[in-house]
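Chain nomenclature is as follows: A, B, C and D, assigned in order of appearance, with residue numbering initiated at 1 for each chain independently.
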Amino acid sequence: MGEQMKAISYIDNLLEWQQAFSFRIPIKIRFSETDMFGHVNNVSPFIYFEEARIEFMKMIGLFGDLDNPTGVPVVADLQCDYHKQMYFGESIDMYVKANHVGNTSFDLHYMAINEEKEICLTGRGRIVHIHPNDGKPLPMDKDMIHKLMATNK
Amino acid sequence: MGEQMKAISYIDNLLEWQQAFSFRIPIKIRFSETDMFGHVNNVSPFIYFEEARIEFMKMIGLFGDLDNPTGVPVVADLQCDYHKQMYFGESIDMYVKANHVGNTSFDLHYMAINEEKEICLTGRGRIVHIHPNDGKPLPMDKDMIHKLMATNK
Amino acid sequence: MGEQMKAISYIDNLLEWQQAFSFRIPIKIRFSETDMFGHVNNVSPFIYFEEARIEFMKMIGLFGDLDNPTGVPVVADLQCDYHKQMYFGESIDMYVKANHVGNTSFDLHYMAINEEKEICLTGRGRIVHIHPNDGKPLPMDKDMIHKLMATNK
Amino acid sequence: MGEQMKAISYIDNLLEWQQAFSFRIPIKIRFSETDMFGHVNNVSPFIYFEEARIEFMKMIGLFGDLDNPTGVPVVADLQCDYHKQMYFGESIDMYVKANHVGNTSFDLHYMAINEEKEICLTGRGRIVHIHPNDGKPLPMDKDMIHKLMATNK
């Protein structure tokens, strides 16, 4: 990877981008997440993004927070770049950090690293914080915004 | 199939059992439902059973019936016998019929037929009709019981 | 939609973009593709993209073409914008067209339309045509390139 | 559970049956494995059975054993009894043991235990050891048979 890696719109400097992650969860690939081509199906990375996103949201207090039931995070878009094939039997680390944190929305960046420390996947997606009743964007409180920004060193 | 087919506890006479089905839905196998062994993953037949079960329940009036919100059907158990490998690109017909229809529960029987008219899957599972509040078995009305019995000729 | 729809990097003029599609396949949403939030899970659109992509590739001759075994299409990246929630019981039309067709790669654009003719999903992703042995980009023949360009009116 | 648990054909004495397991793997439920009813989808337990089955097979030497490429284990049937709803956020232990071990086939029994030590799922399924070329039943070597029997105390 590195120099050979194609240009990706949401990554300016790969090394800096990579080093700014700290939050991660381990993912064990399931057999049912492979396909007849012999490797992990192209759909499955979005399962891994979701697992990591939810744990990240819990840490921030944006998932199932009973003290703050007014706002709900909604996935506005998602994208994934496939860098290396993944196989059944592998374990990966899914990293997440926040980017472009605004008052009512923010980006999440994703990176999957295999056991050989290679980047298998990178990705991003916008999260919008909405009011559950009218669906309109709802400002997040300052504490959450600070927590989000702290996930991107 | 036929004589070569192993004995299956829920089938007495295969030909009679097979001919008693009438309800069916078509299923197109999804690429993501295959696995690295090259064929349909062992989990996927239960997706097909579920699709067929829900359409069957809608026909009977047991799924999302606004006129009868008191009872809810719950899957108590499921089983599947794998007779022939299935592959991406195949379309199958999923058949369903009711069996052992009681006052508060019944069995569903399942059969998948491929384009060569071969039996790929057979299966069964108990459905219990419960009260949504206390979870206790709730008698179905006579009309539903008659409709259920009519699905098994 | 229309004016209210957020700006999307791969769409210049929504109406023109939408009208340039012609290839489509119907998708019936599966119950197992919903999640505990009550609607279609955020991962599932990528299943629908894959189903449409493979049928599109078959039409072009890029999927399982025994006469042209030298080249293999590989998904380099995928992205999806979520415009409207989708629910179990809905049927959608998945549209696909090619964009930015080069000698060894091209983009696919995706659009999902529900029964009320609303855009539920838009998306895109790069396909690279590679040699199966060395994994290097392989030029497509002129006929395929013409077929691809003809899918975007 | 216990006395209230319905009779299950493959369990004679629940307490003895339960205590005879020793092999287990942890499973973290994925968000995409829930459905619009709010809990784990009825299909997902078969994903968990598969994950546990493969790890069990690896331990026995029946999955991807390069020293013994002649035989392949095939799932002949599967069944699952649903005892307690499972929810996103839960972790379960999936237990597996062998039963009715013959020369060319054996049963696997499955049990899922939640964090409150409750039985959520029980199940079983026949595995047939076949020759990969002609698909005919192939005797397992004695060492494997002993290993299998040792998993059921």
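We adopt the following convention: contacts are C-beta pairs under 8 Å (C-beta built on N, C-alpha and C of every residue); 3 or more make two chains touch, one makes a residue touch a chain.
Given the structure is predicted, the values throughout are model-derived calculations rather than measurements.
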{"item": "Chain D and chain C - chains in contact with each", "value": "A, B"}
{"item": "Same or different contact residues where chain C meets its copy chain B, judged by the half mark", "value": "same"}
{"item": "Most distant chain from chain B by Cα centroid", "value": "A"}
{"item": "Chain pair with more C-beta contacts, A-C versus A-B", "value": "A-C"}
{"item": "Whole-Å gap separating chain B and chain C, where each centre is the average of the chain's CA atoms", "value": "33"}
{"item": "Rounded Å distance between chain A and chain B, as computed from the means of their C-alpha atoms", "value": "38"}
{"item": "CA centroid of chain A to CA centroid of chain C, Å", "value": "22"}
{"item": "Per-residue multi-chain contacts in chain C, two or more chains", "value": "31-32, 41, 43, 47, 50"}
{"item": "Residues of chain C touching chain A in the complex", "value": "6, 9, 41-43, 46-47, 50, 74-82"}
{"item": "Complex contact set, residues of chain A against chain D", "value": "30-32, 47, 50-51, 54"}
{"item": "Footprint of chain C on chain D - complex, ascending", "value": "31-32, 34-39, 41, 43, 87-88"}
